[in-house]
Each structure stands twice: as structure tokens, then as C-alpha cells.
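Next come two complexes, and both contain chain A; in the first it sits with chain B, in the second with chain C.
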Partner chain A sequence: MRKLISLLTFILFLIIGLTAQEHNQPSEHQEGVVHEEGHALDCSADHSGHHGPFDAGQTAFHHIADANVYSIGPLQIPLPCILFAPGHGLDVFMSSKFGMDAFGHGDGHKAVNGYILDGGSVRRIVTPGFPTGVVEHGAILHQKEMVNNKSKTITYVCHDGQLFKCDDKSKLDAGMFGGGLSSFYDFSLTKNVVSMILVGLLLFFAMRGVARSYQRRDGKAPKGFQSFMEPIYMFIQDEVSKPFLGNKWERFNPLIQALFFLILGLNLFGQIPFLGGSNVTGNLGFTLVLALFAFFVTNLNGNKHYWQHVLWMPGVPAWVKTILTPVEVLGLFIKPLTLMLRLFANITAGHMVIIIFTSLIFIFGKSGENTLGALLTAPGSLILSLFMMAIELLVAVIQAFVFAILTASYIGAAVEEEHH
Partner chain B sequence: MLFLIDFDVIKPDVGLIFWTTIFFAIFWWLMSRYAFKPIANALKKREHDIQDALDEAKKAKEDMANLHAENEKLLQEAREERAAMLKEAKDTKNAIIKEAKDKAKKEANTIVKNAKAEIESSKQAALVEVKNQVGNMALEIAEKVIRKQLAGNAEQESFVDSLVKDLNV
Partner chain C sequence: MVGTLAGLGAGLAVIGAGIGIGMVGGKAMEAIARQPEAVGDIRSNMILMAALVEGAALIAIILSFFAQPGLTA
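Let's look at the complex of A and B:
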């Protein structure tokens, strides 16, 4: 077992090393969209024939990312776009308006009111002079540029032999990871939002059904789906809510249950093969919101005892307090931060590893040039992927449980009564 | 940070945050209101029901034990009573028999005494009658003898013999 894990880790590092190396090479091509660096972009050149070497890292990034289309395999299902640009106004339309191929990679052929669809993601043309309305556009090009001493991939779109610069949608990473606020905000019902709503509705109707069975079969033993869900519900109630939340457990139990079931549902939904593999719990935006809920519920319910321990720990010398207080105050923010990062990192890593194991076939098959290599790699890749999927199922449950239990412990610490 | 350039998932999207906030608030409320609270209530009620049923069963068991003890006590009392009654009956019987025996003895004695007295009186009467008859016979004989004497001796003697034969008292 340990040998197998070390072997897997070795392979993983090897692949990441390879892809990182490839990433730095100039003239990088990804699924017909050209990435260029080092020389000026040229709209007159024909980019349609370019197919660069297969890039597993890029493929993984593309598949785990949120998108304005719902892709199941190569099938692209359009989703509603709700776009807002200050000074420009609100645009609401279906992403099918971008004229993307029904079977493709989510690249549009048409610009809608200055918006284009690039790799499933909406971008906005910021160079003035681009016509409004639905307009056919040319190739989409990417180039690495230095912006504020940071390397950033800038997207350009060709129209009438002219280059137009595009903005990515606004991100709340304060520019740390190459995002930051841009000229427009995307409030679309993206793949993640749609998955979230679907799973939410599914969970609601399932649990509502269970609740109804309790009312209908009052005083009788649980049966069918009800008896399947009851041990799970009871486990969270008895092993998470009751021990951590003390005598206030009944007040916070619904939140803990909601967190657990939602995270578990979304984790599992993202792992169903051939269903789009939406990566909701592996998106920092989603985990950020859940962590914020945990943060606010914890601190808005904090009692005198809790704040006293955070701000002015009783029973320790004054000089220790000067060290303890900043640490405790920092801890208030670090706790939800770790909640956010743990779930995000675990799920994203799992999705990426599965994609990369599958990508092994394409790496060794040299994107179809080496059929023998692909055939030889396929069984190994299949075994590794299956192994990883099994681990991921475990991780899905563990991470949902960990998120629930830690939230319960944070809230529990805040509402705990003084006992001396 | 070159590696993270296209690592889109680490950049929190404004729209996703917006929708997730709304979604989770609604999800939390709906699930609490329509799923988790009814389930929690039903589970609590069932827990109470089970506890009640157990308590009741325990109580019933105790009642049964009490009832059993009571029955045993009653049975014991009944047994004692029966024994007492039997003893009494036996005593009564003996007394009655004794009384009857005494009475019978007394009666028998009386009867025997009476019988004896009667026998005595009858005997006396009989004796008196016999004496009378014998007297009468003797008189008769004497009369006849006296009358025959007048006729002859021999004849008289045989005559007296025949008379005596006829007499046959």
C-alpha cells in the first residue's frame, strides 16, 4: 500500500514537472486556441491548423474551472448569462448566442454586445471600437504579459484584421492569483451555480420526503429511503452536533446538517462520471461563502465568556496577554480560512489527479500520434484512475464530515457556558 | 505564481459568491424549516415514545409481580381457611356422632328398661292369669273330681288322669 502511494506520488510529481515545463515553452497551443509569447500577435496568420502538444495541466485547469456552458463530454449545453459592466449596463442572454459548437470546447464564434466566449468562460472586449450586437469574430489569442510586475495571460480577439484586448471577469482574489476586479461582473447561472441548485433541490426533495415519511408513518419503524438517511442524520446529530454544541445543539443542528449534506451531495455529484464533473466544492468562491457563514454564525453567537477568552484571556500574566490577544484575534480569521482552503484543496486536487491520470494516455500517446503508446498506457491509467476515484469517494465523505465537525466545534467554543 | 495563471478555481468569482450566498441562505432556511426540524421532532418524539414504552413495560412487570404476590397471599389465606374449615367440620362431626351415640345409648337403655319393665309386668300379668287359670282349672278339676267321687274310685282315677291329660298347660 505504502509503495503504491509513493509510486503514485512520484508519477504525479513527474507529470506536474513535465506540464510546468511545457507551460513555460513559447508558442503554446490549447484546443485550437493559440497561446503565444515572445513575439507579436498577428491576426492575419491562420491559427486554425495549429495543434500544439497536449498539455495535461491546461486540460485539468480547463475541466475543473467554472464555465458559462455545461459540458457533458464534448456536448455543450448553453446556460443563462447575466453580465454587468459599470457604465455599459446589464446584458442577459443564453450562452448559445455566442454561436459555440454543440460539440466542442466552449469557444464562441460570435461576440454579443462586446462579450465573447473563450474556453467556456465569458470575456469582455475592452478596446474601444468593437461593434455592439451579435458580431462574428476571428481567432482568440492568448499572450503572457507583465502587468504590475506579474505575469498575466491576456486574451485578444481578432476582428476585421484588428486585435481587440479582452478582460477576464472580476475576481475577488485582490489580484493575488492573477485575477482582481475588471471592467465587468459575471452574475451568470454558471455550471457551478446550476449544479449547486440541482443538488440543492435534489437534497431538499429527498430530505423533505424523509421528513414526510416520519409524519406519515408516525410511531412506526423507518422504512426504505427513510431508514437509509436516518443513520446518516443521526450520526451527524449524535457525533457532531451534540458533543460539540453542548446544550445549544438543537439551535445549530440544522446548520451543521445543511453544511454536511450540501458538501457531501456536491462532492459526490462532482464525481459522477459523464455528468460534467462540476467542481463546486473545489472552487474557492463556494468554500469561501460556506466559511463566511461559519464565521458569522460563530462570532455573532459568541457569548461574553468567548470574547473574554479571545480579547483578554483571564488567568494569565499581563505580558502573556499581549502575545495571546493578537494570536487569538488572528485565530478568529484563520479558522474559517482553513475551513475554506481544506475543502477547496482536497476536492480540486482529487479532480486534477483523476484528469491527469486519464491524461497519461494522451501524454504517452503523443495526442494520437503514438497509438501503441496510448494503448500500453491505457490499462495502467485506468487502474490508477479507478484507485483515485475510490480514494475520492472516501475524501468526499471525510471532507463533508470534517467541515461539519470543525464548524460545530468553532460554534461550540463560542456558545460554551462558563464552567469554573 | 506562474503555475497558477490559469488556475481559475482559486480566484473567487463575484457571481459564484453572490449566487452561493443567496443559495445557501435559502437552502439552510428551507432545509431547517421543512426537513431537519420535522425530522428532529419526529426522532425526539420517537425517542420519548420508546422511553415511555420501556417505562410502561417495566411498570407492567412490577404490577404483574405485585399481583402475583397478592394472589399467592390470597391462595395461602384460602388454604389456611380451608384447613380451619375442615378441622371445624371434623370436630362438629365428632361431636354430632358422640352426641348421637350418647343419645342412642340413652334411648336404647330406656327402651331396654321399658321393655324389661313391660316384660316384667307381662310376666306378672301372665303369671297372675296362669295362677288364675290354674286356680280355675284346679277348681274345675276339683269340681269334676268331687262330682266323680260320687261314682267310683277306679273310674274316678282314670277320669282325673284324662282330665289332667286334657289340661296340658
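Let's look at the complex of A and C:
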């Protein structure tokens, strides 16, 4: 039995090593997509032959990013694209129109009304003169350029031997962190949106089922799925809502429970391996909305006592108040900001560490040149990835709990009655 | 050179968070040793405090990542 297990483990390592090898064959998988730096781009050159060095950082960012296609291994599930550009109008189509390959890393072959698919995201061609409608296009090129003294990666697409410049992806978080909002708006049902809707529906039906069995079996002991959910629900109610929200806990308990179960569900859904790896809670836009809920619920429910403590702290000398008031007012915004960044950073960091551990195979294997290096790194990388995944399961629960507990404590501080 | 500084920033943030979480964990262990019956309360407060410390560190790490040009685009 033990021999069988060790044999199976060996075969598994072998397969992982060989898959890693195969994955980096340039001609098989990233057709004509070249990352070039420094020298001028040329469409006529043959880009399929040479390949840039493996970039672990770029790979990690690509894998945690949102995408307009849901890829599960070789399966590329098209998602609806809803794109709007001022002066151009609204475009609604399925992302299968871009013509993706299996294992194509989300790169399309075809341009649709001046939009292309690059690495799973829609980009808009900004150079005028590109034909509308569905057009076959050439290689997609990336080049680092200096824009306003900042190094930026600019994407170009080839068509008829000519270079066409593409705009950045339209993403809220890209706009917040220096990417700038681009010339078009992407309202598409992306991978993250679809996963969020799926998990939301799943939670809705699960919770409705549990609620119905409480009505049907009133006064009786819980049964089945109900007895699985009850301890979790009661834990949040007894450990988070009741102690932190004071005597108004019944009013805010549904919000806290909803936040906890939504974050937990999405965290766990995003960690199922080989299921597209939708990184919803690791998306700044999503955590921003959750933090805004916390911000508005806290401040719209704040009583006189709370605002007095924020704006004019009683019981301290006047000169201290001049320092305390700005700090407290800043604190109003810093609290939801840290809520937003904490969840985003924890989940993103976890996913990135797993990708970097996997990338070690490619780094030591020198992108397919060194088979022995890849084979030797694969077992270590596998163990480290498994360890990190176990940690991430823990983090998924802890971060959902922490988000709930901190939201509850902020709301609790705002609705607390005077007691001194 | 900028990339090096970003890495340095992330590392410095981790040192601070390491000291902070170490103190939180150590003191919680001491508290549990003194009063084993209060382990539930201490544990949930420990997690809360660790999350607060870690939040500051993660913000620093993320900011140092995004301060690095060329990675976000």
C-alpha cells in the first residue's frame, strides 16, 4: 500500500514537471504574443520564434486579474461583453466573437468593432483607421514606454502590417492606482461578476432552505443542512453581533450575517483549484463596495453621542480638541479604507504566493530549457503550494470573521448609548 | 532602482507586522496560561488584534507594490 502511494506521488510529480515543460512551449500557447522591451516594434518581423523571459510578477498579476472570459483549463466559456465608448456607442456581444484558443491565455484572434481581447481583458484600439466589424488581427505586442516620466506598458495590435495603439483596460481599480480611466467603459459580466452572482444565488437558496426548515420544524431539533448552518450563524450572532452591537443588535444582525456569509462564500469559491480561480474578494472594486456599505450604515445610524465624540470630544481641554477633531474626522474615512484594503490584500497576497510558488518550477526550469530543474523543483513547489492553500482556507474564514467583527464594532460605536 | 526600494518597503512592513503579531500572540498565550477558562474570549480578541496589525502591514505592502511603476498596467 505504502509502495503504491509513493509510486503515485512520483508519477504525480513527473506529470506536473512535464506539464510545466509543455506549458512553456511558445508556439503552442501564446501565439504571436511577445513582450518586448527597449527596441522599436515591428509588425513585419516574425514574432512566433522568440519569446521573452518568464516573468513571474506579470504571470501573477494576470492570474489574479478579472477577465472577460471564464477559462477552466482548455474550456473557454464566453461571457457577455457590454462596452460603451463616448462617441462610438454601445456594443453588446459575447466574448466568443474574439475567437479564443483553448489554452490561449485569453488572447483573441479577431477584433470586434475596434475592441480586442488581450490576456482575457477587453482593450479598445484608439488609433483611428481600424476597420469596424469582426476583423482578423495579427500579433498583440506589449512595450514599456515612458509616459509623463512613468514607465507604462503600452499594448499594440498588428493589422495589415500596421501598428494600432490600444487603450488600457477599463477597470475601476486600474483607475485608482495610477492606471487612469480609459476611453471606454466596460460594463461586461466578467468572470468576477458571474462568480459573484453564482455565489449570491447559492447562498440565497441555501439560506432560504434553512429558513423554511425553521418554519416547518418549529421548536424541533435542527436536521441536515440546517444543523450545519446553525452553529455558524449562532457563532456570528453570539460572538460578533451581540457583544459589539449592544442593545440594537437585532437591527444590524442581518447585515453582519450577510457580510460574513458573502465574504466567506466568495473566499472559498475563489480557492477551488482548476475552477477558473475567480478572485472576487481580491478585487478592490468589490471590497470598496462592501466598505462603502460599512461606512454609510455606520455614519447614517450614528447618534448624537457618536458625532459629539467625533467632532467635539467632551471632557478634554480645548487645545487637545483641535488635534483630536481632525484625527477623528480622518478616522471616519480610514476605518472603511482599511476594511477595504485588508480583505483585498489578504486574499490577493495568498493567491499571489501560490502562483509564485508554482512559478518557481518555470524559473528553475528556465522556461522549458532545463527539464531536470523543473522536475526537481516540482515536488517542493507542490508541497509549498499545498501548505499555502491550507493557510488560505484559514485566512478565508478569519478574514470573513474579521470583516464582520470590525463592521460590527464600528456600527456598535456609532449606535452606542451614553453611559457616563 | 525603484523596484528595489519597493521590495525594501514591503520587507520593512513585514518586520513591523512580525513584531506586532508576535507580541499579540505571546501575550495571548500568557493570558491563556493565567486564565485557561477565558480561552474563547482571548482567542477571538487575539484574532481581531492580529488582523488590525496585519492590516497596517498589508496596506504598506500593497502600496509598495503599486508604487512600483509598470506592474499595474
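Methods note: the second predicted complex is superposed on the first by the 377 of 420 C-alpha atoms of A that agree within 3 Å, B and C clash if a C-alpha of one lies under 4 Å from a C-alpha of the other, contacts with A are read in each partner's own complex, and residues count from 1 in each chain.
By definition in this document, a residue touches a chain if its C-beta (ideal position, glycine included) is under 8 Å from a C-beta of that chain, and two chains touch if they have at least 3 such contacts.
Quantities reported herein were computed from a predicted structural model and do not represent experimental measurements.
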Check your understanding: Where does A:Thr153 make contact in the superposed view: on chain B (first), on chain C (second), on both, or on neither?
Key -> both
Exercise for review: May I ask you to decide whether A:Phe364 touches chain B, chain C, both, or neither, giving the answer as first, second, both or neither?
Suggested key: neither
Review point. When the two structures are overlaid on chain A, which partner does A:Asn346 contact: first (chain B), second (chain C), both, or neither?
Key: second
Review point. In the superposed arrangement, which partner chain does A:Gly219 touch: chain B (first), chain C (second), both, or neither?
Key: first
Exercise for review: Report for A:Phe61: first if it touches chain B alone, second if chain C alone, otherwise both or neither.
Suggested key: both
Review point. With the two structures laid over each other on chain A, which partner does A:Thr338 touch: chain B (first), chain C (second), both, or neither?
Key: second
Exercise for review: Please indicate which partner A:Leu290 is in contact with in the superposed arrangement: first for chain B, second for chain C, both, or neither.
Suggested key: first
Review point. On chain A, which partner touches more residues: chain B or chain C?
Key: B
Check your understanding: Which partner does A:Ile405 contact after superposing on A: first (chain B), second (chain C), both, neither?
Key -> second
Point to revise | Contacts of A:Phe387 with chain B and chain C, given as first, second, both or neither | key: neither
Study note, to complete from the structure: Going through chain A, the residues touched by chain B and also by chain C turn out to be 58, 61, 144, 150-153, 177-179, 344, 348
Practice item. Quick one: which bits of chain A touch chain C in the complex? Just the residue numbers, please. Key: 57-58, 61, 144, 150-154, 168, 174, 177-179, 239, 338, 341-342, 344-346, 348-349, 398-399, 401-402, 405-406
Exercise for review: Using the touch rule from the top, collect the residues of chain C that touch chain A in their complex.
Suggested key: 44, 47-48, 51, 54-56, 58-59, 61-62, 66, 69-73
Revision key, fill the gap. The chain A residues in contact with chain B across the complex are 20, 23-24, 58, 61-62, 64-66, 82, 121, 144, 150-153, 169-173, 176-179, 185-190, 192-193, 196-197, 200, 203-204, 207-208, 210-212, 214-215, 218-219, 230, 233-234, 237, 250, 253-255, 257-258, 261-262, 279, 282-286, 288-290, 292-293, 344, 348
**Study point:** In the complex with chain A, residue positions of chain B that touch it
**Key:** 1-21, 23-24, 27-28, 30-32, 34-40, 42-43, 45-46, 49
